[in-house]
Amino acid sequence: MASQEKKGTVTWKEIKKQKVLILWSIVIVAYGIVFCYLPLGGWLMAFQNYRPKDGLFHSAFVGMAKFKQLFSDDTFLQVIRNTLAMGVINLVVTFIAAIVFAILLNEVKSNGGKKTVQTISYLPHFLSWIIVTGILHDALSSSGIINELLLKFNILDKPLNFFAHPQYFWPIVAFANVWKETGWNAIIYLSAITAIDPSLYEAANMDGAGRWARIRYVTLPGIKPTIMILLLMNVGNVLNAGFEIQYLLGNGLVKSVSETIDIYVLKWGISQNDFSIGTAAGIFKSFVSIVLIVIANQIAKKNGEERLF
Amino acid sequence: MKTKKVLSVLLAAAVMSTMFTGCGGGDSAQTGTQSGTGTDASPSGDSASSGTGELKEFTAFFAVPGTEINDDNEIQQMIADMTGVKVKETWLTGQTAQEAVGTLIAGGEYPDFIDGSDGAAQLYDAGALVALDDYIDKYPNIKEFLTEEEWDKLRKEDGHIYWIPQFSNIYGEEKATVHNDEAFWIQTRVLEWAGYPEIHTMDQYFDLIESYNEANPTMEDGTANIPYTILCEDWRYFCLENAPQFLDGYPNDGSCIVDPDTLTIIDYNTTPTAKRYFQKLNEEFHKGIVDPESFTQNYDEYISKLSTGRVLGMIDQWWDFAYTANDALKQQGLDLKGCNYVPLPITIEEGMKNQWHNSGGVVNVSSGLAITTSCKDVEGALQFVNDLLDQEIHDLRNWGVKDVDYLVNEEGEFYRTPEMRMQASDIAYKASHVCTYSYFPQYSGTSRDGINAMKPENQPKEFYDGLSKNVQECFDAYGAETYVDMLGTSEAPGPWYPMYTYSNGMTTATEGGMAWTKMGEIKHEYLPKIVMADDFEAAWEDYMKVYEECNPQAFIDEMQAELDRRMEEAAKYN
Amino acid sequence: MEKMKKNKVKTSVWDKVFVVCNTLFMIAFVVITLYPVLNTLAISFNDGTDALRGGIYLIPRKWTLKNYITVLQKQNLITGAYITVARTLVGTLLALAANAILAFIVSRKNFLFKRGLSLFWVITMYVNGGMIPTFLLYKSIGLTNSFWVYVIPGMFSAFNMLVIRTYMTGIPDSLEESAQLDGAGYTTIFLKIISPLCKPVYATVALFVAVGQWNSWFDAMLYNRMSSHLTTLQYELMKLLSSVSNQGSSAEAMKNAAGTVTPTSVRAAATILTMLPIVCLYPFLQRYFVTGLTIGGVKE
């Protein structure tokens, strides 16, 4: 029966059977069209010289000029590179950190300890970037704790100004993301771990499986669907590498590696009164994201993994 | 097939949205009346509760950061009792001015009063503002607020006046005590140690700092001094960037130098002085005089360095550091150890006239207080603006309540006790008691009573009492009585001044504006590099090459056109 | 026999090493993540002017409660708190129900439009019409100056849907099939069979939504600026703090705003105050997934 439906034959019988589902779907799709797709009419802006006074319908059309303007600017290409690089680094690092943390936390036997660690670990999520970057600036300053340690262990002979060297910028951003979000990101995996059938662990123990084997053969496969789904989703987000943290940590000396698309848009679009450039960059980002997730989804499909759609 | 389906869904959505927003646009066209009733609904409810029945409530939005006051603010209530008007002010939060104004325009619904700040031109463009010129004559205080020439400067292309600049308007004699603007600052302990020498040039300034630091590498408690630091976070990089115009003896035109004889625009970024200045910084950097963290520190770190009293000197604008750092210095008693800053009249060569401080206010024509088309009672609104400029209410706004916030001696002079001064800077007290209506038109200078200053901070006695002993001594040594005296005052250089009111409004829509933005970007990146460079000459050449690629000439041409226009305008009045 | 015993000894040694290392790692992790919070806490209890000097780590240098008083004296805080609690409750319930239903639909193996509906939502994650069109839309359907703008627009979210869907897919089909044989409709299956098993994931999503609702302020500013009775806690605090944020600010604006700057220590106090309630919520949700709700029994 199942195979029959997979071929997509829409029979009245089937429709009747699924009428509750279909009715709900219609409501949900209507909602989605209104709240998520209707505002996309705003994409028109990218092809106009949008001016608030004229609104969407009376602004002059300029065709692809805004896109041309974006891509003819060398800085924009540099900005795409930065965004992509930080996006990928952050994705990989935060992703792995959260999974490793969730698994290790799951191995903590004391229930109280587990709860305490978890509660504390996700607290930094609630701090704003201003506060977190402030602390980072402090720790990495020439008299900060990091430099002091490096001097003490003779790794350096004089304090290093981390924020003056472009090569440290991406790692610092990645670290800050891990620091702030690992505990928070791990929540989802921890909840997935609870869904793993305890009898699988018992069976593994009976087979004399060690801790590593249990993780490898029970825990990881148990949360694999969640990992896959989050990975797929985040692949589409690599161009959303952020704004605030780069803005707050950046400075003139590392400008060439710190500016992201969002910062660029603020500088050249919004604060120049040009809403169209921002929209054009947004469309570009959407386009890249959708291409990426479609590809990733196809790969997942081919490998028989969990997929987005 | 699937993609086709998706595409058709997307298309349908796009078409529908077209229709949809189309309707929305139509709605906002008939705007005024609709939204007007909307805004009015709440005031009527509020006035009923206040009991007077007469109280008018207006709303105001200022596209700048600011602090909201409480609804039951005491002075606001007193002003309401006197004028019958209360204004609920809101400020910019988490958006840029352009974004905030952009959404307001899109929605077609405005508060009664607005200052669009960087978005003011958009508001005018959108026809959101009420032309004020027909009204102005009816309100004597408003009329008096600006001169005929200044009012004319405010006229937009259509010949009407849409906003009133609120600031830098001096009534009667100017009572400048503080140099609120940019300067080379130095701690009084350095001057004292050297026996209060005359310091007139950049070289002398750095020599002094160097020799002081050599003799006193640490503070009393053993913390190492930071001889010279430079703030260059984001837009605050003026602390690094614009000194060459002052060093050449020109005033702060902001984005360029205007030669007063030939009336031509000069780019201060490429002058020989600029090169010498950055070369000096480069040398001092390698000598360890310039703080190695200069280019990476953020504003908080900068202020915290200043607050510890370690920094001997820097370039900055007074308002950017003094309001915060001075309190901290005082709290630790560091003001008595000579850690307060005084400005020095520095130029590139000896014997040049400096123009760090200019007398007179600068009327900023690029934005101001405006009344929107959503306001249903334009006359009532303007009457309120007029009332706010009455001396009694003006005193209430700036000085506060007599006998509570200030005292009056036999000569009629206002003064405050230290407790009152303390109270006046308390955040909670400000929110519940003080109401300055800070983005409504206001005066500085001398009160109409001829005795007092319009604002407490300009009251000579107030000012003097607030000074630490070290600063007083320093002033005495130079024969100065105020910060301004340390620099000397120049008249505003000419009717064009200042050019930054124009360049601030430039956008990438014009070639010149594009060049201006690019130049800013390049300077942000390269100036720190040339200061830190091992080979200054090579770095400077690199910088000049990239700088030229920004097409600065386009910017200069546009500025020149504006200068010519301003001179032409001004000629009408001579 | 002998061999097996040896093996066991070996594992238990490794096990001990692992436990020690893991415990050390957890302690290090806790120290590193707790530090910024404790630092914020210390600054929040420190005198504002004094805090400017920097150098405060875990212990305030100059104790004061003034920062908290400043924050708590802010007007409209009570209104804001009401609205925030209301939006958190209503918003979380609505979003949970909405996403659960959506996830249930798209996780039905036989559902005809399963892929289409998933794709429809996945796309919404990556497209965005921008601030102004969205504003126009909300205005034209009457969502501005209304409480509903807080809870309706964000009700469905592809992310939360996918999280729940993934979990639901893990529930054996046999349960649904046997219920169907008993004549249960989809509504019954959803309410009686699937949902009770989804408590951990529901708790997770509820937490995500609640935190989002609790922390959001931008919508209050954008859509309800003129309706002060609809203000939210976070918006009120943002207004208090916005004078410190310098993003997009200009010299001209700062010059006139000078002296109104809110000290870092007030910012810290505000942060701590808003963190507290949502952190207290956590233990209640946590029991759903840390202690391990056993659904294994039914899964077989």
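Think of it as A, B and C in the order they're written, each chain with its own count starting at 1.
By definition in this document, a contact is a pair of C-beta atoms (placed from the backbone, for glycine too) under 8 Å apart; a residue touches a chain by one contact, two chains touch by 3 or more.
Note that the structure is a prediction, hence the values are computed from the model and not measured.
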item	value
Farthest chain (mean CA position) relative to chain C	B
Interface with more contacting C-beta pairs, comparing A-C to B-C	A-C
Centre distance in Å when chain B and chain C are each reduced to the mean of their C-alpha atoms	38
Geometric centre distance via CA averages, chain C-chain A, whole Å	15
For chain C, residues contacting two or more additional chains	54, 115, 119-120, 123, 129, 132-133, 137, 245, 247-248, 264
For chain A, residues that touch 2 or more chains besides their own	37-43, 52, 56, 134, 138, 266, 271, 275
For chain B, residues contacting two or more additional chains	9, 17, 20-21, 25, 96, 99, 102, 106, 118, 300-301
Parts of chain A lying in touch with chain C, wherever the complex brings them together	2, 5, 8, 10, 14-15, 18, 20-22, 24-25, 28-29, 31-32, 34-43, 45, 52, 56, 101, 104-105, 107-109, 111, 113-128, 130-132, 134-135, 138, 179, 182-183, 187-188, 190-200, 208, 210-211, 225-226, 229, 233, 236-237, 247, 266, 271, 275, 278-279, 282, 285-286, 289-290, 293, 306, 308-309
Of chain A, residues touching chain B in the complex	33, 37-44, 51-53, 55-58, 75, 133-134, 137-138, 141-142, 161, 163-164, 248, 251-253, 255-256, 266-268, 270-275
Chain C-touching residues of chain B, taken from the complex the two chains share	2, 5-6, 9, 17, 20-21, 23-25, 27, 38-39, 42, 59, 61, 64-68, 70-72, 88, 90-97, 99, 102-103, 106-107, 109, 111, 117-118, 166-167, 180, 234-236, 238, 299-301, 303-304, 307-308, 317, 319-320, 323-325, 327-328, 331-332, 364, 425, 427-428, 431-432, 438-439, 504
Chain B-touching residues of chain C, taken from the complex the two chains share	47, 49-50, 52-55, 69-70, 73-76, 115-116, 119-120, 123, 129, 131-133, 135-137, 139-140, 144-145, 217-218, 221-222, 225-228, 235, 238-240, 242-243, 245-262, 264, 266
Residues of chain C defined as touching chain A within the complex	4, 7-8, 11, 14-15, 18-19, 22-23, 25-26, 29-30, 32-37, 39-40, 54, 98, 101-102, 105, 108-113, 115, 117-130, 132-134, 137, 141, 152-153, 155-156, 158-159, 162-163, 165-167, 169-170, 185-187, 200-201, 203-204, 207, 211, 215, 244-245, 247-248, 264, 267-268, 271, 274-275, 278-279, 282-283, 286, 288-296, 299-300
